[in-house]
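What follows is a pair of complexes built around subunit A, which joins subunit B in one and subunit C in the other.
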Partner chain A sequence: MPDTQALVNDFLNQLKKRKIEGSQATAKQTAELLRSVISQTRVPYTNQAGALIDSVKAVGERLIAANPVELAVGNIVRRVLHIIREEDVSLTTAAMAGLNLSAVSDDEDDADRDDRPVLSAAAVAAASRSTLRPPSLQTLLEDVPDSAAVPHTSSSGGDSEGKSKSADKSSRSRKLKHDVIEAVNELIQDINTCHEQIAEQAVEHIHQNEVILTLGSSRTVLEFLCAAKEKKRSFRVFVAEGAPRYQGHLLAKELVARGLQTTLITDSAVFAMISRVNMVIVGAHAVMANGGVIAPVGLNMVALAAQKHAVPFVVLAGSHKLCPLYPHNPEVLLNELRSPSELLDFGEFSDCMDFGSGNGAPLLHVVNPTFDYVPPKLVSLFITDTGGHNPSYMYRLIADYYSADDLVVQRRPTSGN
Partner chain B sequence: MGAQKKGATARVSEDPEELARHPLQAILLADSFTTKFRPITLERPKVLLPLANIPMIDYTLAWLESAGVEEVFVFCCAHSKQVIDYLESSDWSSQPNFLVATIESHNSISAGDALRLIYERHVIHGDFVLISGDTVSNMSLTQALQEHKERRKKDANAIMTMVVKQSKPSPITQQSRLGTDELFMAINPDTKQLLCYEDKAEYSKGFISLDKTLIADNPSTVLHNDKQDCYIDICSEEVLSLFTDNFDYQHLRRHFVKGLLVDDIMGYKIFTHEIHSSYAARIDNFRSYDTISKDIIQRWTYPFVPDVLCGNSAIRVERRGTYRASEITLSRSAQIGPFIVIGQGTEIGNDTKISHSVIGEGCTIGSNVTIEGSYIWNNVTIEDGCELRHAIVCDGVTMKSGAVLEPGVVLSFKVVVGQQFVVPAYSMVSLLQQPTQQDSDEELEYADSSSGNVELPSKLNGDITSDLSETRHGPTSELGTGGVGYIWSIFEGGHDEEWRHSVAPIPTDKLAKIMLDKDEDEELLTQDGNVLSPSGELKSDSDANDSEDGDNEGSRDDYVSFEKEVEATFLRAVHENVKVDHVILEVNALRLSYNMASVDCAGAIFYSMMKLAVESPHSSSSELHRNAADVITTWQNLLKSFLHDIDEEIEVILKFEEICLESAKEFSPLFAQILHLLYDKDILEEDAILRWADEKEGADESDKVFVQRAEKFLQWLREAEEEED
Partner chain C sequence: MDPRRSARTVSDPKVRQVGFFTQPPPPDRSISDPPRHHDPIQSSSPSSPPVNDHSPSGNSLSPVMIPPPRHHSDTLLRTALQATSPTTSFPYSARTVTVPQENDDVSSFSPGRRVVSGKSPSSFPGVKASSVPASELTTVSVVNLPPGISVDFSAYKEFGMVRVSLLDEHQLKVSCFIILKTCAMKHLHAEKEKLTAEKSGGAAVEVQNDQLARSKPLKEKTSKAERRALQEAQRAAKAAAKAEGSKAPAAASKVGPSANTKPSKAAKPPSQKNDGSQVAPSEKKGGDRAPEKDRKKDAPHPRMQYDDASRVEKAKKRAVVKQTEARNRVELFRHLPQYEHGTQLPDLETKFFELNPMHPAVYKVGLQYLSGDICGGNARCIAMLQAFKEAIKDYLTPPEKTLIRDLTARISSYVSFLIECRPLSISMGNAIKFLKSQIAKLPLSLSESEAKASLMLDIDRFINEKIILADKVIVKHAVTKIRDGDVLLTYGASSAVEMILLHAHELGKQFRVVVVDSRPKLEGQLLLRRLVRKGLSCTYTHVNAVSCIMHEVTRVFLGASSVLSNGTVYSRVGTACVAMVAHALHVPVLVCCEAYKFHERVQLDSICSNELGNPDAISKVSGREEISYLDGLVNSDNLQLLNLIYDATPSDYVSMVITDYGMLLCLLGLTIVEELTMVKACGGAAHKCARHCERISKRTPMVLDGS
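So, the complex of A and B:
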């Protein structure tokens, strides 16, 4: 058994040193780490969910603090917390259904006493959600509940739990953990396949002889375009290079390698080219609860240009990029300022950085932000692994993935300890 | 699980074989072996001084870790206890895959001593990174390491790779940015071999000297004054043993690098690796402390910037380069200007103006205070109405209301500045009295590390404080009413130089002076060039000669005394029958100590031989010839061992000419005969003689005297050659 603590420290280190790049890799590693945390956590007889939530929260808080800019870490921590709550609720309701509801169940009692604020709140929230769910827009439209976990586990849980009350407790503790790990595995699977799931929808959006514009490099966008190409769509792609890291160059190379007609332009030429473009397709760093997007620097300008010419601005984002926070939340760190050396060569400009002359104040200040914030009104459509959504629908989607109690992961344990 | 696996594979993939055998090691010198940070370093080691509120050593260690170094040996000397305690209490001792071990020593007084001690411990296996604990960098080592290894495979003598960085070759940048002297490097642009390293180029001199052989041996040489030494070296194991062999190596650059470059017996080579986009610099003095702090705030060192390095204690970057910790009390009317760092728990009062400064943790700053370009460390109290401009204020200092610090002031730990007191510019203030014994420059340079008398336990320190406050609580002390501390007198000679290394910007008049000096230098140089070029015809490769000639004037005295020493050695050898091998060794030693080329040796030896011949009794010129022949036959091996190539042989002929003209005119009739003798004994080759004659072709009539004398012999040589053809 690998030592979880060491794994956590190792991962923390990598996050701190900004060694993991890309939200998908981060999300996947976070989920895997939390899975091993859960499997290593000793679950007490009573209040298993509380114990799991505590241990996940303890680790999650440190992970989020290690790199506050990478929102995917927080998203996954919250997703896992949500999974634990959902599984717990479904087991409890199943158990209660198995017993007679007339008698007050011991389980419920214990749980209530030990973890009143958390569990009861969760139960209420879940109850309120389940009453809300039938008329939910998504269920109405899709006819299939998005999180199939609730009905599925409750039915399977019901079989095993109906037998006897004494056996119930021990089996339940193992059961909860087992179910949670299963669900986390599903989550990891989801993260792994999100590119394909998004790419599957490509043909519905990209049409013959269209011109697509993108900026910088995103793996999701690459897969999306290639999927359309594979389905024999012929279209052209304009790639804005994405200064100062010029990842657009790499994307252009990849696209050409896969046989797509590609045009590389500078970022500043976007406005001039946008009138010839049929659709802008870009990736995102994170999608906030209000439908705003945190995206590589330069995208706000592209979005504004697209709006001016009424070109659809489509954002591709895996569900791990959905962040339940609003951009005005104080704990959201919107940006990261990187080294000025990406913009200019230190040697050439070292005489501008001369603090010994004059009054000691540098006259040159180089700002190199990593991200832009694109407000929701500039976004036409989000394509996630569950389908296309309007920006104004994002908060609903987020309510399906996260519990309201987990929104502030980092605050509670600090005040509690 | 996944994380670790990924980390492991990433590390292995960098260099699968080499790294599997030896983990990459680093030696971190946690002592600068200088006194430039006095009086602060009397109480705390330099590597623990905060740089944007984080100890310097953390930047170095964080960089080493991210660069893939797995074992770091921290060499602690002065205040070793504090360094060790700090490392033990920090995260560094508990990192997986990153081992930080400390080596303690109390009697090392230089980097050389430190490396000798590390060599004795046998802890370094394979290549290592040599760095001092005050270096900030974010460069990637992968490429430099690979280059170093590849060179090593080809040439076992390539034992060191030095990291350099380009900086703008503006006349004053080097001085005003990092406060260091101008640095000249000669680098072979193709192989990147370092050929010459000159950091003490005097401003008054305006030129540097290059060895002629250096230009002869290397077809292309580029002389740089726009390179900045980053003091990051990738070394092979041999470096340590070299330090042990040469027990007089002290300073890494002044002795070791220059020693290797001059020494052509062993043939060790140093190469350079230039970094472009990444950052690397060493904090050498207060000025570079200021500059590098500002570079960090401007994020050139990303990801080693306060908000990322701190991790959990949540420092946030706001607009205009403002770094704020989460819990600070800031008055609404305070004006927090651009580029500042404010540490946790600091309180700032009304109408206070702060710009371009770093404020530590737990400070209390009153109202109407002006702080500009200053570095205020932890738990400092600044009362209302103080003014600080370009000052460094250490932990626990109290400034009573209305006190003023003029530019360049350094207040050491726990000093109290009295009310309304104005601390004059560039003063150093400390609770400890200035050490009085200043025997010599050398002593001063290394005194800091003789830690015994310097290191003060903190308890004693406290006592001193209370003592001082009792005794000096009188109405006036050196620091005004209620002030505690001594103002150090400035070292003699350093008086007009103090602005060079201070945190304060260079005053405009000094700046103008530097610029002026530079211009004058340049004029001087061009003049020199004009004057010298006609007389420089003796040297074969004319383009390299300007600096050489300029230097000749300066080193003429050197050469004369060198010649005398060689002569004395030679005479002793003659009289005491010393073996030829030993004489060679002694002459070589002399050559190194006088920094002469082997050409000079050949000349000096020949001169001594001829002198011996002249001085032994003789009555006629034939007797003299016999004497000379005897001497030459006896000592031909000695002479030969210094004649490696044709240039040196020509030098001998020239020398002989000189002897005939000046010191021993008796030889002039015998010139051709002795030349022939030297040829017969295989000391001189015919090529050399013919080349000499060719060179003389264009000279003045007076110079040609000897060529004409030897005409017969030359004729004979030419004919012999043709016959062979």
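So, the complex of A and C:
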């Protein structure tokens, strides 16, 4: 336990100091941390799922608070919570249905994650879905034959549910934790491979002699473009440098190294160049439930320009970037102001710093936001590791990954501590 | 035609006075009138009965003309007026230009008819087409707004063309003067003063091309002799007009003795054969289609396309500045010059003493352009004009050459040198046109020193009126759009916007400024520093963050390098992004642009015409040494660095254009731009434009937001 505590604190520090760059790295580390938290958690004889959920929530809440803007942390915490619930439910229902649990549980992991129920576990999967997901046509239809078998599981929220069930099924105490860890491992695996999975679709979207514009740097975009290049597509890329971090330079360097025709432009030239561009491909920081995108600063401008010229605006996002929250005033609330020194040289402007208006407020302010919000109407397509989706479909994807009970992680502080 | 004549009648009483003295000329004029119209067509019909023209009957053709003068004539000499009136009545319109031939006979009188040289009366530097005299002439007639006159016009309007050109009046005066040199001097002087006053008061210009075209067929009836006479007359008139034109501006400022001297000089031109020969070819070609051709000439010349290998080769041979082509040219911009930056400067410096023809002042400005020490449309334009002024001051006409031609060539060579240093901005192009037209309009009779003095005056006037005063007027207009509590966003560093902000601050308005900046120039930092020093509350950010900051902004003020005639605002790269975001968030966008920067070109995107800056500025981020990812790659074949200087903002993003003529709603502005540019051709028309703006603004009060 002290072991995990140290890990958690360490990770918290890193988050607070913004030492971890990129949502993929953050997501992966969060998942790994939660995995160790789960494995360290001492599972009581009863209410195993409840105990796991509590401990994960306790840690998750602190992680989220450490960097509320890094939505990937919250996403992963919710994903893990969701995994626990599903595992629990599947175990319970399986037991109740009198099936061979040991045979089912392994399949169960896949079924939950992929939303593709394995045949032998169809009943279990259907039951769990009916419990934990919002109603959909599919679940309704699948439910019909099994509704009689799982009436009591669909009644209420996971926590109490889990308690009663695990009390009944005490014999499988080890099973749950083991399954959850397995599932989290799969999640980590997914996060690791999301780039490749997205990149695999590149050839379907990039044609010969296409002109692509991107802004800043994103590993997903890099791999996406390189994948198309490897498939012998030849196309050219305009890279906007993405002030004030100038990650575009990095991307341009990588692209040039892989033999792509690359043109580096300033951000201000985006509007001028977009009329000659066939497609805008960018990475995202997070994708909100309404299909809006929290993206590196400058992308809203690019998206507007793309819309003006009817250029498709494609966002690449791994599934760990899907956030189940709906944005409110995202330009302010989901944003982060970075150091002004990236824009102004303090040394040069020291003379201006002294001026102040009468009330003591400084005359000079420097705004250096990190993120931009791109509303869903400006996005043409999302490409995730599960394929391409319309912005209006994102809520549906999100329902597959998260359970409605976890949307607000902080809601149960008492149980968490 | 008749109507035009009538218009003449309108001409000021003063003219009539002159005519008085000149009574003999009137008959000649009458003769000449009809022919003039025909003149351009010359060949057309010799058949026309000369008689009509010569005789009073000629008047009968345009009976209308006579009465009007009387009405107008408030002055003492009505009788004289009548006699003279016909002369005044001649419509000269554009044709005048064409008259090449010199006739011995009537020549002296004819001058009165001549029309119009393109010189715009008072203040409009905009006069553009100096090089294409014919077009200028054809296009514009000036209507006198002054009180009495207007009445007469209404009577004649039936005929279709009512305008009286002030220019004509001048010319008339001049011609008369010639005839009666001795007597009239004093009167003329007085008149001139009045005239200039009137002009400044308000003249509207209309474009008559269409009318001219229609009128042509009528002209065909002149005899050869008539035509000759006409031509001569026109020529004389033109010369006179030139003399006056060039001086008119000067006269405004200092009417004194110079005014007197001009007319006498003007008399000379007719005798000079050069003049005639020069003009003649263009006229003859002109024929019936003249107006259309003129229009074509009006269209801007196609710009140099740098993907045209042969032309680039030619240009290179002429070039003073040795340019090495950039290694990695951006495919899309092959049509623009892409040179290695930083190589020319040392090269040029070493050449300093070898470049004989280049004036040191021009050379200096060229170097400053090259090194980027001078940037910004107004600053570049002023620097260039002042260099030209220096050059003109030191100019000596080489033996066996005429000042007009040689100086024009000289200026052209300076300009091409400057282009090699850095492509011209549109505003500079307009200024050069102005200067060349002023040179072309110099009367041949002017002595070298006088010509130089008048040109230098013209340049000063241009700088003052078109740039400095224009900015003041813009500031005055724009300040009315700033209210307490506003948050104003500006992009880059526009001198006009800066003046507006500072002035509003001086007025005690409470507002906040958001300065948006972008690489690589970071001009916004300079603006920011100046504003903060003056005590304005500023927020600084970069262009990427504009959509975040735009939520709190209430107005966007942007500068412009040029406003094109389709409403496109051609400006520092990034302006379009800012305007687009503002438009998306329903923040009004106000573009501040002096009218001399308007251009009749059209442009839809930022690619067909643009300027490329130094690509190395892209790969190196100033002040951020840690960003050096591209250090080793600059020579890689796959990497191109594109440093665009300008972009084109579509007119639908612009709520309002603020110019020295007033504030234009952009959609309406399109037509106004059109008019403005036409106006430029004709000089005086700007006033009309201003009135148009007023009308519009009365009709649709400029309310930017609900308040």
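The criterion applied here is as follows: the second predicted complex is superposed on the first by the 326 of 417 C-alpha atoms of A that agree within 3 Å, B and C clash if a C-alpha of one lies under 4 Å from a C-alpha of the other, contacts with A are read in each partner's own complex, and residues count from 1 in each chain.
Criterion: a contact is a pair of C-beta atoms (placed from the backbone, for glycine too) under 8 Å apart; a residue touches a chain by one contact, two chains touch by 3 or more.
Small disclaimer: the values here were computed from a predicted structure and weren't measured.
**Student:** Quick one: on subunit A, after the overlay, do subunit B and subunit C clash, or do they fit? Just give me the call.
**Tutor:** fit
**Student:** Once the structures are superposed on A, label A:A305 by its partner contacts, choosing first (subunit B), second (subunit C), both or neither.
**Tutor:** second
**Student:** Figure out whether A:E223 sits in contact with subunit B (first) or subunit C (second), or with both, or with neither.
**Tutor:** Touch status of A:E223: no partner.
**Student:** In the overlaid three-chain picture, which partner chain does A:D190 touch, first (subunit B) or second (subunit C), both, or neither?
**Tutor:** A:D190 contacts neither subunit B nor subunit C.
**Student:** Between the C-alpha centres of subunit B and subunit C, what angle is subtended at subunit A's, in steps of 10°?
**Tutor:** Computed angle, apex subunit A: 70 degrees.
**Student:** Per the contact definition in the header, classify A:E86: touching subunit B only (first), subunit C only (second), both, or neither.
**Tutor:** neither
**Student:** Can A:L250 be said to touch subunit B (first), subunit C (second), both, or neither?
**Tutor:** The answer is second: A:L250 touches subunit C but not subunit B.
**Student:** Tell me the contact category for A:L264 with respect to subunit B and subunit C: first, second, both or neither.
**Tutor:** Second partner only, subunit C.
**Student:** Per the contact definition in the header, classify A:N368: touching subunit B only (first), subunit C only (second), both, or neither.
**Tutor:** Both partners.
**Student:** For A:F349 in the superposed arrangement: first (subunit B), second (subunit C), both or neither?
**Tutor:** A:F349: touches subunit B and subunit C.
**Student:** Go through the superposed model and pick first if A:D400 touches only subunit B, second if only subunit C, both, or neither.
**Tutor:** In the superposition, A:D400 touches no partner, neither subunit B nor subunit C.
**Student:** Once the two structures sit on chain A together, report how near the CA atoms of subunit B get to those of subunit C, whole Å.
**Tutor:** 8
**Student:** Which residues would you name on subunit A as touching subunit B in one complex and subunit C in the other?
**Tutor:** Of subunit A, residues 340, 342, 345, 348-349, 351, 355, 357, 361, 365-366, 368 contact subunit B in one complex and subunit C in the other.
**Student:** For subunit A, which residues count as touching subunit C in their complex?
**Tutor:** Residues 238, 241-244, 246, 249-250, 252-253, 255-256, 259-273, 275-276, 297-298, 300-301, 304-305, 308, 331, 335, 340, 342-345, 348-349, 351-352, 355, 357, 361, 363-369, 372 of subunit A touch subunit C in their complex.
**Student:** Under the stated contact criterion, what part of subunit B meets subunit A in this complex?
**Tutor:** Touch list, subunit B to subunit A: 1-4, 6-7, 62, 65-66, 95-97, 138, 165-168, 170, 172-173, 175-177, 179, 226, 276-279, 287, 290-291, 294-295, 298-303, 308, 311-312, 314, 316-317, 320-321, 338-339, 355-356, 372-373, 390, 504-506, 511.
**Student:** Within the complex, which stretch of subunit C touches subunit A?
**Tutor:** Touching subunit A: residues 330, 332, 517-520, 525, 528-529, 532-533, 535-549, 551, 572-574, 576-577, 580-581, 584, 605-607, 610, 618-619, 621, 623-624, 627, 629-630, 633, 636, 638-644, 647-648 of subunit C.
**Student:** Quick one: which bits of subunit A touch subunit B in the complex? Just the residue numbers, please.
**Tutor:** So the residues of subunit A touching subunit B come out as 2, 6-7, 9-11, 13-14, 16-19, 28-29, 32-33, 36, 62, 65-66, 68, 333, 337-342, 345-351, 353-362, 365-366, 368.
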